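As structure tokens, here come the structures.
First chain A sits with chain B, and in the next complex the same chain sits with chain C.
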Partner chain A sequence: MKFVTQDALRVWLDQLAQEVDLVAPRDVEGHVLYRPVASSAGVLFEYQRPEMSAKDYLFPATEVLLQIEQRGKEMTLEEIVPERKQVLFGLRPCDAHGAAVIDALFLQQEPVDAAYRRQRERTTMVGLACPRMWEGCFCTSVGGAPDAADHLDLLLREVDGGYAVQVVTEKGAALLAGLELQEKKGEPPPSQADGEIVPVAPPQAWRTLFEDEMWQRHGERCLSCRICTYVCPACRCFDVVDRVTSVQPGLTCSERIRVWDACTSTNYRRAAGGHNSRPTKPGRIRNRFFCKFCYYPEDFGPLGCVGCGRCIVSCPVDIDITEVMRGVAERSDG
Partner chain B sequence: MSGNGSNPMRPFIGRLAGIRDVATGIRLFQVEMAETEGQAAAAGYRPGQFAFLSAFGAGEAPFGLASGRGPYLEFAVSALGHVTHTLHGLEVGDPVGVRGPLGNWFPMEEIKGRNVVILGGGIGGAPLRPVIHTILDNRDDYGHLTILWAARSPDLLVFTDEFDEWRAAPDTEFHVTVDRGDENWSGNVGLITQLLEQVAPQIDNTVTITCGPPIMIHFAFLTQQKLGFTPQQMLTTLEARMHCGIGKCGRCNMGEKFVCIDGPVFWQYEIKEFLEGFL
Partner chain C sequence: MNDIGQKIRETARQLLQEGQVDCVIGYEASPRGGVRPAFIYDAGEAERLVWSTRAVHNLATYLHDKKKPARRGEAPPRVAVVVKPCDSRTINVLLAEGQIERERTTVIGVTCDGMVDESGAPLPRCVHCAERTPVVYDVLIGSPPDVDVAADDDADLAHVEALPPTERLAFWLHEFDRCIRCYACRQVCPGCYCTTCMFERDDGLWVDAGVEMPGKYIFHLGRALHLAGRCVGCDECERVCPMGLPLRLLNRRLAREVETLYGYRAGREETLAPLLFELGEEGSPI
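The block that comes next holds the complex of A and B.
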């Protein structure tokens, strides 16, 4: 196996931080979050699951799609093109899996989402395997694993004295210049993938339960707070709005921005004139779960869930996606 | 297809070539595309498609295109929210943005030779105007045309300036009704479903095209079924809030279907298969 010491890894990260936009897990006032870093100082190497996914760095929560300038009756529209490369370091495999889920719609379905493609192309994803599964995790139920390399460019695994480095893609290989690698005998031990396996019913089984009473039961508890979609690495709904940034005589500048949206919000389906075709919480929460396990796989291929468990630990009223998955599997069996 | 070559979220720039009121609070905007690529996209327009219209600085919103016979893309806009109020404040010559035309269209080729019943409710009449024009301009290609036009009140009837032409067209009957009349109204008062029952159009070899608020579509379908129309004879175009128009943003899903890319035009037998209703 390829091996790197922690010291050599730090040297490499310090160098990367000079050359690219480097994002890594950090402790932010007691919360572990992926954040931009200027050097290896402050980068966490031992952490559980960051509280937010890394989605924000590929599909930003607020993203300027166009700079709009109006001079008199003349318009100029300019797209924002990020110039620097970006490296996401210390990604958990579920977060790379989340990017792959969004790729299936934004990149693999025509027309390609231009802003997302630019972010994706400039980004290299360096994973750090989870040594074991954490509270709420169920990645092994939905095609993932705590040490899955599938959707990453490089995968690091902690071993005695440093890290084993697995090169997954050419993009990953291209990043290795400056990393002092050694060859060592043996292979890194697999992570402890001992989480309970939650059953995933096929889309057809979900369809038979569209009118089931369980949506009423789960939906009644929902507060429509939207945290589940906010923390989700695979949720991709967005809204598009304009905001005026400056007004001078003869020149108005504004931005067209894309922001994350949530199908669990109260007025998600409210149209002009006031009609709302999904006016109840049970209807909205059903839509979210159906999107993940029925619509998304039917329309775009992958499940819309990577088993990170963030929605479970974040939900203020303990709505548990695995309880829903079990409920569907049990009912559809009968 | 939509948008601007490499980026479908980037609008084409257009200019307002004409603005006129077509009902109380509903204004028709004629847009001339300024860029070659936008002109090519607009030339591919087919009745039933929709497009996003931008009032830059305020935002964009989708509208079923109401285009007439001229060279312009035409949008019937009711001032209901921030974007539409801003649009109502624009003047001829002002720049706007257009993404589209988007979505599918009415199968005008496939329904040649058949009788057509058109049911338009309020601003829902907008995307039906180009259907009516297509039939009237190719009159021999279609059978009998029945137009049922409705609104909540007389001042909300759209395209009243075209009523005379529609009435006088060969092999065409035109009926209009309002939910509530006023002191100047001497015509029908009642719902479009009641009017439909009175008119009782021929069923054989007929296709119906309904557009209006969801509640109207729902009951118009029921009445049509009661009269004997089958789901294979009934077309509609659905509205939904949407933010991209290209199947990405998630807003307009009805079950696994997206109004923007699977529609907005649907046969009733397709809608019946939706896991989630439009109402």
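The block that comes next holds the complex of A and C.
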């Protein structure tokens, strides 16, 4: 196996931070979050599951798409194109899996989403395997694993004295210059894949339960906040709005921004004229789960859930996606 | 504790059996430990209700979902709700603001020893809570506990207030920077019930949709001001915040201001009108 000591890894990260936009897990006031870093100082190497996924760096919560200048009747549009390379370090495998889910919609069907493609192309994803599964994790039930290399460019696993390095893609290999690798005998031990096993009912089973009473039961507790969709590595709904940034005599500057949206929020389906076609909480909760296990796999291929468990641990009223999955599997059996 | 659970179940069963209410909002055991809100429509389901020191949620916020009839032309449902003393102040605020009807609301008040978080540590508001019996109820369950109340010294608030203005601004900007604008604080708040939140208008008149500064702090400061004289200090906003913003600090600061200036504490009495109405009354004591 290829092996790197922690010291050598730090040297490499310090170098990367000079050359690219480097993002890594950090402790932010007691919260583990992926954050831009200027060096290896403050980068966490031992952590559980960052509280937010890394999707903010591929599909930003707020992304300026266009800058618009209006002079009288003349208008100029400038597309905003990020130029620097980006390295996401210390990704958990579920975060890379989430990016693959989003790819299915934004990249693998026409029309390709240009802004997302640019973010994806400039980014190299360096994973750090979870040594075991955490509270609420069920990645092994939905095609993932705590040490899955799929969808990453490089995967690191903690071993005695440092990390085993697995090169997954050419993009990953290209990043290795400057990393002092050694050859060591043996292979790293697999992670403990001892998390919950949750049944995944097929889309047709979900369809038979569209009118089930369980949506009322789970939905009634829902607060219609956006936590579950914002912490999710695979949720990808967005809104596009324009905002004026400055007004001077004869010159108005505006931006077109894309911002995250959430199907759980009250006004998600409100249309021009004010009609809301999904006005109740049970209806919205049902849609969120149907999107993940019925609509998205039918329309785009992959499941819309990577089993990271973030929505479970962060829901203020204990709406538990695994409870819903079990409920569907049980009810659809009969 | 188990006694209280038993009495809640008995009360709920009786209210539903006798047709006094259509729904009881209480707590049920959560599959991963702790408790979560539960909605009981059938006396046979009352068995699900429990009581626990983890009953942190302010269930009065769900009364907003019950203001409209289930079907057009029907009357709105009659609802019973389980409240702790802090939650009970919400009932008074919602009555004062004309949001709920007293005769359609059955208040199941529970005396409170204080709630704990996942690790078993007492919640900050409970440590300082001097109100152990609900201020409004139709049914009272439990007896006021004999607990030592820590003096409400507001040391954390005093610390922030003592900072020089530039440092205080830096403190708040640093805290608000983590906000992801998930709106959980607003959604859980029983006092936040505007049909269209001014911070989420499609036209972005006041704050645009970007998850950025200054929108993030304008949202939080605006929300805090809208709740001045209305916030009952249930701290649900701080509990639900996934980024751990210290929203309690803001709310307590404003509540103290209102109490100092006007001697007014939101929800203290059933007959209390909203602060602005009280101020407008001729001969008003405040």
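Everything that follows uses one rule, which is that the second predicted complex is superposed on the first by the 334 of 334 C-alpha atoms of A that agree within 3 Å, B and C clash if a C-alpha of one lies under 4 Å from a C-alpha of the other, contacts with A are read in each partner's own complex, and residues count from 1 in each chain.
Rule of thumb we're sticking to: a residue touches a chain if its C-beta (ideal position, glycine included) is under 8 Å from a C-beta of that chain, and two chains touch if they have at least 3 such contacts.
Everything numeric here is computed off the predicted structure, so don't read it as measured data.
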{"item": "Side-by-side fit of chain B and chain C on chain A, or clash", "value": "fit"}
{"item": "First (chain B), second (chain C), both or neither touched by A:R207", "value": "first"}
{"item": "C-alpha centroid angle, chain C to chain B via chain A, nearest 10°", "value": "80"}
{"item": "Touching partner for A:I80 - first (chain B), second (chain C), both, neither", "value": "neither"}
{"item": "Partner chain in contact with A:L251 - chain B first, chain C second, else both or neither", "value": "neither"}
{"item": "Which of chain B and chain C A:L66 touches, first, second, both or neither", "value": "first"}
{"item": "Touching partner for A:D239 - first (chain B), second (chain C), both, neither", "value": "both"}
{"item": "Which of chain B and chain C A:E323 touches, first, second, both or neither", "value": "second"}
{"item": "Partner chain in contact with A:A38 - chain B first, chain C second, else both or neither", "value": "neither"}
{"item": "Residue contacts on chain A - larger count, chain B or chain C", "value": "B"}
{"item": "Touching partner for A:S265 - first (chain B), second (chain C), both, neither", "value": "second"}
{"item": "Smallest separation in angstrom, by C-alpha atoms, between chain B and chain C in the superposition", "value": "5"}
{"item": "Contact residues of chain A, present in both the chain B and the chain C interface", "value": "239, 241, 243"}
{"item": "Interface residues, chain C side, partner chain A - complex", "value": "30-32, 34, 36-39, 57, 61-62, 65, 175, 178, 180-184, 186-188, 196, 200, 202, 204, 208-212, 236, 239-240, 242-244"}
{"item": "Chain A to chain B touching residues, read off their complex", "value": "65-66, 68, 70, 73-75, 77, 79, 105-106, 109, 111, 113-115, 207, 210, 236-244, 252, 254, 256, 258, 261, 263, 268-273, 275, 277-278, 287, 290-291, 294-295, 298-299"}
{"item": "Interfacial residue positions of chain B with respect to chain A in the complex", "value": "1-3, 6-11, 13, 15, 54, 56-61, 78, 80-81, 84, 93-95, 97, 213-215, 239-241, 243-244, 246-251, 253-256, 275-279"}
{"item": "Residue ranges of chain A touching chain C (in the complex, touch as defined)", "value": "28-31, 33, 51-52, 61-62, 136, 217, 220-221, 223-227, 230-231, 239, 241, 243, 257, 259-260, 262, 265, 267, 281, 312, 314, 316-318, 320, 323"}
